Amino acid sequence: MNWASPGEFFAMGGYSTYVWGSVLVSAAALCAEWLFLRGRRKAALLHVKREVTLRKEHSDETST
Amino acid sequence: MINWFKFSSPKTFYPFAGKLIPWLAAMATMLAIAGMYVGFFVAPTDAQQGEGYRIIFFHVPVSWMSMLIYLAMAFWAAIGLVFNSRLSAMMASALAPTGAIFTFLSLWTGALWGKPMWGTWWVWDARLTSELILLFLYIGFMALQSAIDEPRRADKAGAVLALVGVVNIPIIYFSVQWWNTLHQGASVSLTKAPSMATIMLVGMLLMVFAAWLYSMAITLARVRCIILEREHHADWLYQLKEVKR
Amino acid sequence: MLEAINLVGVRGERRLFNRLSFQVRAGECLLVQGENGSGKTTLLRMLAGLTASAEGAIRWKGRLLDEQLGEYQRDMLYCGHGLGLKEDLSTMENLLISAALAGISTTPALVSDALKEVGLAGRESLSVRGLSQGQKRRAGLARLLLQQSSLWILDEPLTALDTAGCQWLVNVIDRHLLDGGLVVLTSHQHLSLAGTSHSIRMGA
Amino acid sequence: MLEAINLVGVRGERRLFNRLSFQVRAGECLLVQGENGSGKTTLLRMLAGLTASAEGAIRWKGRLLDEQLGEYQRDMLYCGHGLGLKEDLSTMENLLISAALAGISTTPALVSDALKEVGLAGRESLSVRGLSQGQKRRAGLARLLLQQSSLWILDEPLTALDTAGCQWLVNVIDRHLLDGGLVVLTSHQHLSLAGTSHSIRMGA
Amino acid sequence: MKSPFNRHPMYVVVHRDLKLALRRKSDTLTPLFFFVIVVSLIPLGVGAERETLRQIAPGILWVSALLASMLSLNRLFEQDHADGTLEQMALSPTPLSMLVVGKVLAHWLLSGLPLTVIAPVLALQFDLPMPSLLILSLSLAIGTPVLSLIGAIGAGLTLGIRGGGVLVAVLVLPLYVPVLIFGAGSVEAIASGLGASAHLSILAALLVLAGFFAPWAATAALRVALEY
Amino acid sequence: MKSPFNRHPMYVVVHRDLKLALRRKSDTLTPLFFFVIVVSLIPLGVGAERETLRQIAPGILWVSALLASMLSLNRLFEQDHADGTLEQMALSPTPLSMLVVGKVLAHWLLSGLPLTVIAPVLALQFDLPMPSLLILSLSLAIGTPVLSLIGAIGAGLTLGIRGGGVLVAVLVLPLYVPVLIFGAGSVEAIASGLGASAHLSILAALLVLAGFFAPWAATAALRVALEY
């Protein structure tokens, strides 16, 4: 184990800005990517669902 | 034998990818946790760089992935162009954003590493410049595709661009050999023994595999999205349970 | 003989035609009819080799187009909505250039004769910008006289032509058919050809 | 009332028409006929105030055009060989912009109705490049429905339209004439208007 | 009238494009003029310190050349696409890639060549020594054709696309960067006493590479554009 | 739909121009994008020596801003002239010079303002210290409206003339030079320890001067162009 205390761990031997800056931004970027993709998927599904209801209405109209 | 043609149709690929994604994501998370544990708690302090070197566990995986994803993108784009298969072109489009993010992260972590080690955020050296070009290539690819309304034309135009940009990848990789630059050379190669401590190497490789699996998971998820967007008039979509719900 | 087999025309998400097949033999004319936006131009561009069909195949003299693109392009003349004339150049220059691009050697005298026949005598050195709409169309159609192609693909060639111009074109087409040429043609106006002509209706 | 007095059309060294005079009253249509290159477009551009006549004058409601250019341009709608559509923009965007430039306030709903009437329903957001030739023409003609101009100057509006499209245009013109509008028109095709129409022949 | 029209179609394309450009004089002069302006303005902004000027001169000249070449790209195929000539070229029995080479050549003759010729004259304001001037011309002579070749790909890809003007810059500039680096680098190398031959041979290699692949890529891009 | 058509005509002009530009995103982005590219390319060409870069930074940034502003000039009145809007504006009861001010304002909002905002970020590449960044933004904020105002005169004078693109540069650039000198000068002054206030006040004086005379001159130029 490298670190005597959590404080030492977070200080990263004086390199905290650089190391944590890298870690946090990397994590944030990947999370953001995931979140954006979820939004995109929701929008796409909504679009498909709307198409389904449209088709249903259309087929109801033609059958009656 | 697996029938590849079966999987090259969006209809069969969509559920198949759906089943794969959770596994890939779970494995990526586990590997990342293991890698970070090794990186932060097991690997010792570096003699020259102190704790600052620990950026390596992020910088190297994202840098490798940025190049690898481009190669994969160009590969699928070429397959899409030659065999006119829709799914391959979708794969290429799905890879681009992830590649761009990894490229951005490579630049970001590199810059954060450069400030303490070289005393500057940025220099115009060959490795750094060619990596920046890679980012522009990804952005150009995405911008070109989004500017074209007709999906097939977007696929083909994107493919031409992706193939032209491939020349950049060897330039990035070999730049440290061809020009004497600030950036350090490859320390991992298949032919030579690695020049770094084994435990660092283990941590780094764990992170590399984590990044690899993450890329696969998110790309497959994005391909599914693209399928939903492009095929929204196809009948088979309406049978899906997420649509019926 | 030009043969189309199971052509499929898709634009965006719209399927314009599905599994379309036909044959055009030497001396025959195919009249493609249909409403605006029914896919006539799309079909003609496919026949010219500019657009690929999603499925199906096109054969010329029994062989697939892709196998003989260069030869086919020598045999074929396509005249589309865009006339391919540079506004800054004169009619003479334009025709000489387009002949050269088509790989045909002409002389200014031959071009001059063709221009005379299409009614542009005395306007050889006028830049195309100065021509009237119908005169531009006539200059474009002068290519029919200069290039010895056996297959003509003409997309609404009657556009902007006056009555005399239409009559002239009909005669030229008839002459071409008599010589054993093939013509594929669209038009919204009525054409009274003397030669054999079939017609297909798009979007029906 | 539109009145042309002793108009002279000169292009280069060619005198296309000389001392041409006519009148068009409310509810009347003037059909300008003539061969290709006889000067129809030149005349129409003069009437629209785009080209100046070497001599003579044009009066609108009794006053010279030059004295009331702004007003006249509000009353008049010119639809020429060039359709004035930007290929990159969608039909909807194109029509909204051209209405805004003509100083008319429209809403997307109104434009949508107009597009429906010209047979472009469902293609509002397609960029003009994707439209067929006839559909482009229809999109251009949708301006007739959006701008409440009393004088229409139409240069070969039937070009590229199919039979249904021609019939629709004839009806729109008839309706406009009944409402007391004025129309100046060229065409190489035959038009069967119900309203009053005179015709002049150019180059005769 | 001795007509050049029975020559090779590629020659015809070059000849036609030059003729068209000369008809519209402003088009011909724009890249050259732009180049001259940019190069002359920079000393005004940067201040007149001789040493600095001499040091930045190669970079400035090369960046200006690159911008001048890029700004004239959007006219490369646009006109031909709009008036239907591109279709005729695609339907010509001569391979389209040959005709594309012709168009690129014409573009270079109208943008790259004048720049190459005028650059040494402009470089005099920066007090560059003779060997640098020579290498500057040489590097421009080898490098500007590469710009035209790469540019053709970008112009083909963005043909008839909404917002093509900016897009072509986004696509093309990253690919221009190596040319810029080795072009400007060659002049800097000779100025600092190292030989320029390494840089120049890389430039030449780039030219060969681009000469092989760019026409193919541009042709593919054009065919895609024509299809839709 | 709430319509802006009952507001003051000058407001309408600004509003319409902004809307038209936003429709074509590429048009909006062109000056900005051009600026970013030029500024980033120069270090690649010039080489990476920090001291040199810091020294030339103000000049480079200002020249790029000037070019970006100038390249968007030809679209200032051209479209309005072609489609007859300009005539309608001339016939409007509001004085034409007011509407011209509206058009200049729109041009600045689309070219000058974005440049001013992005410039400090780009300047970071050149390692400029904080006070220089501040003065750079300030000088651009005061200087770019002058560029738009002077540009309007040039655009008006060359309206409807063949080859206007080059001509406008010839006419306008000499007039731009003072702005360039004092703009870049202000940043250099602060960097070398002198205060920038003298330079900035001259810039402000130029702005006042141009604000008074340019609309009048541009209006006169437009009236001439409309007459023929």
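Structure notes:
Should a chain be cited, it is by its letter among A, B, C, D, E and F, assigned in written order, with residues numbered from 1 in that chain.
The rule is simple: a residue touches a chain if its C-beta (ideal position, glycine included) is under 8 Å from a C-beta of that chain, and two chains touch if they have at least 3 such contacts.
By chain, UniProt protein names: A = Heme exporter protein D; B = Heme exporter protein C; C, D = Heme ABC transporter ATP-binding protein CcmA; E, F = Heme exporter protein B.
Computed from a prediction, not measured in an experiment: that's the story for all the values here.
Shared contact partners of subunit A (Heme exporter protein D) and subunit F (Heme exporter protein B) are B.
Of the two interfaces, B-F and C-E, the higher number of touching C-beta pairs belongs to C-E.
Farthest chain from subunit C (centres taken as the mean of C-alpha atoms): A.
Averaging the CA coordinates per chain and comparing them to the mean over all protein CA atoms picks out E as nearest.
Separation between the centroids of subunit A (Heme exporter protein D) and subunit B (Heme exporter protein C), computed from CA atoms only, is 17 Å. Mean C-alpha positions place subunit D and subunit F (Heme exporter protein B) at a centre distance of 39 Å.
Each chain gets one centre point, the mean of its Cα atoms, and the points for subunit D and subunit E (Heme exporter protein B) are 44 Å apart. Between subunit C and subunit F (Heme exporter protein B) the centroid-to-centroid distance comes to 50 Å (mean Cα coordinates, whole Å). Within subunit E (Heme exporter protein B), contacts with two or more other chains are made by residues 24, 161-164, 167, 170, 173, 177, 181, 227-228.
The set of subunit C residues touching two or more other chains comprises 11-12, 81. For subunit B (Heme exporter protein C), the set of residues touching two or more other chains reads 129, 149-150, 233. Considering their complex, residues 48-52, 70-71, 73-74, 76, 78, 80-89, 93, 96-103, 105-108 of subunit C touch subunit E (Heme exporter protein B).
Taken together, the subunit B (Heme exporter protein C) residues at the contact with subunit A (Heme exporter protein D) in this complex read 40-45, 50-52, 54-55, 58-59, 62, 97-98, 101, 104-105, 108-109, 112-113, 115-116, 214, 218, 221-222, 224-225, 228-229, 232-233, 237-238, 242-243.
Here subunit F (Heme exporter protein B) touches subunit D in the complex through residues 1, 3, 5, 16, 20, 23-24, 83-85, 87-88, 91-92, going by the rule given at the top. Contacts from subunit A (Heme exporter protein D) toward subunit B (Heme exporter protein C) in the complex involve residues 1-3, 9, 12-15, 17-19, 21-23, 25-26, 29-30, 33-34, 37, 40-41, 44-45, 47-49, 51-52, 55.
Note for the complex: subunit C touches subunit D at residues 11-12, 34-38, 40-41, 81, 119, 126, 130-135, 137-138, 156, 159-166, 188-189.
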